[in-house]
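Note that the chains take the letters A, B and C in the order they are written out, and that residue 1 is the start of every chain.
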């Protein structure tokens, strides 16, 4: 199984990368002059956001694929990626809050990027609520694919609207401008780690979910030939 | 006209249909019998394209590929309850493009006992009247294939006869029928072929001449297969 | 009948239905009135701050009353499965969707006019009436966007087990750009806000409308058929 081997390689890779990544963040990266150690959350925060977008992006593409192919394989991939995306976006919101508290002295800031993430979080909560409320399997897949597509399309529009909207309201603070070259390197490594990490989690979640789906269909067949 | 190939359908873990094959020729009337929960309505919905089967496929061969060549009447009547009888019919004619002349419309409304009530909102009609109005839509739709799910529900013996008469007329015009009913006598009187669905399996398929009402009743009662 | 004729026939039916039942309109009108009263009781609104608060209050009322009303209009199709008539007619699903968007838009605009008049009376804010001409563009674009998303989502939610309950959860996050665009352009029109022009907000509304209209037009058929 070629696919299996790739998954295994990715898994080993991510298990090696994660500790290195944390070592880089907490030991190698220089301490920020004004914000201090708290700034180190930033590396995680941004990486988590990218991970969340990967999850929602995969959900978006698989939703389109489902409507074209009508194969539950794609729907299973869609909700697996959606769950991963939802988990990461929750962490983004939490780390964002941890970051805002010492830096801006507030628990929450209406920064356009953060607001976009919050809106997305609500949209995908709605996605899973809708899934829960439909029992017929194919209908569930079709209906939620529609939310998966329309929800992701909202990202650029919400992003633009919140950016303009912030520009009328008083700004809390600007993001730090000049980053130390070493900081940038640590950031890039962290991003890479989390991209691989996300892909691995989605693959594993998908394999469990797909096994469940197949188990159901086998149980159905057994029921069928029971008599 | 219509071909159902190896249709299976499951709801969560419950198998409703298991590998059903059914073929309906042009102008043929096929009536499905079976106990409650046998999967008759599900099969009809799948044939109508309202539900997709887990396995198998539905083949429809008509002159036009649009939906307008088939018409389905389910358990619900498909009426706008706030609109009057005539408004419902007019809207239906608008969207199906079936322009029956007023005299024909009047004739069929009289025949179905709805002429007196033509300007009353549908919500004020009795169950039987609503069912008749619903069936009437099927008769004026100009469809080549009618899919009827328990068409006689709520109708008394007189109206059943009138509906059956109409159905025979349609058959003569070459309209195909796929009907689900638990009324064996009425079903047999219109069917060219019948099928017996039990537990999601099409147990029996035969020409109407080959079976009697008693035999069907016996099978349904005992569940014994010939 | 062509695309336009079919669309028109369905809009005509919706208006007639609403004229008879008055369900969607009464839900929207009474809820918006109630919300205005609740706002007045919970937020201290006086002649000083009314013009600053008006945009936000108005658009929140539009969104909430609107989505409840739109849920109602799709229920009228689902109740007796009346939409199946359209499904089995020659009308294509794009035409059906467009018709529902138009009729929902008309109901929304009616509700918004009522809300604006009530706002003027309840909060003694006549300026709003005189600003109606410049406000008409954001109102039109915003309501169209509401209707585009609301029509699609209301058909989704009424087909699920939770029904209309789930509708606000799906609708409100997606229409955030409309809320921001509507509130901001209304604010600029009413208060000037430093010589800013509402043009860029109208652009956002327009982009949202076009994007969601095109995609929803394609996706709508997946709600109705397999």
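As a convention for this text, contacts are C-beta pairs under 8 Å (C-beta built on N, C-alpha and C of every residue); 3 or more make two chains touch, one makes a residue touch a chain.
Everything numeric here is computed off the predicted structure, so don't read it as measured data.
With centres taken as mean CA coordinates, the chain nearest to the overall protein centre is C.
Of the two chain pairs considered here, A-C and A-B, the higher C-beta contact count falls to A-C.
Look at the CA centroids: the one farthest from the centroid of chain B belongs to A. Per-chain CA centroids place chain B at a distance of 39 Å from chain C.
In this assembly, the C-alpha centroid of chain A lies 31 Å from the C-alpha centroid of chain C. Measuring from the averaged C-alpha position of chain A to that of chain B gives a distance of 49 Å. Contact with two or more other chains is made by residues 52 of chain B. Touching two or more other chains at once are residues 70, 135, 138 of chain A. Across the assembly, chain C contributes residues 226 that each touch 2 or more other chains.
Note for the complex: chain B touches chain C at residues 48-52, 66-68, 70-72, 74, 76-83, 87, 91-92, 94-97, 121, 137, 141, 143.
Against chain A, the residues of chain B that register as touching in their complex are 8, 10-15, 18-19, 52, 54, 199-200. Residues 149, 152, 156-157, 159-162, 166, 169-170, 172-174, 176-177, 180-181, 184, 193, 196, 200-201, 204, 207-208, 211-212, 215-216, 219, 222-223, 226 of chain C touch chain A in their complex.
Of all the residues in chain A, the ones that touch chain B in their complex are 70, 135-138, 216-217, 219-220, 223-224, 227.
Chain contact summary for the complex, chain A toward chain C: residues 67, 70, 119-120, 122-123, 125-126, 129-130, 133-135, 138-139, 142-143, 145-147, 149-151, 153-154, 157-158, 160-162, 164-165, 168.
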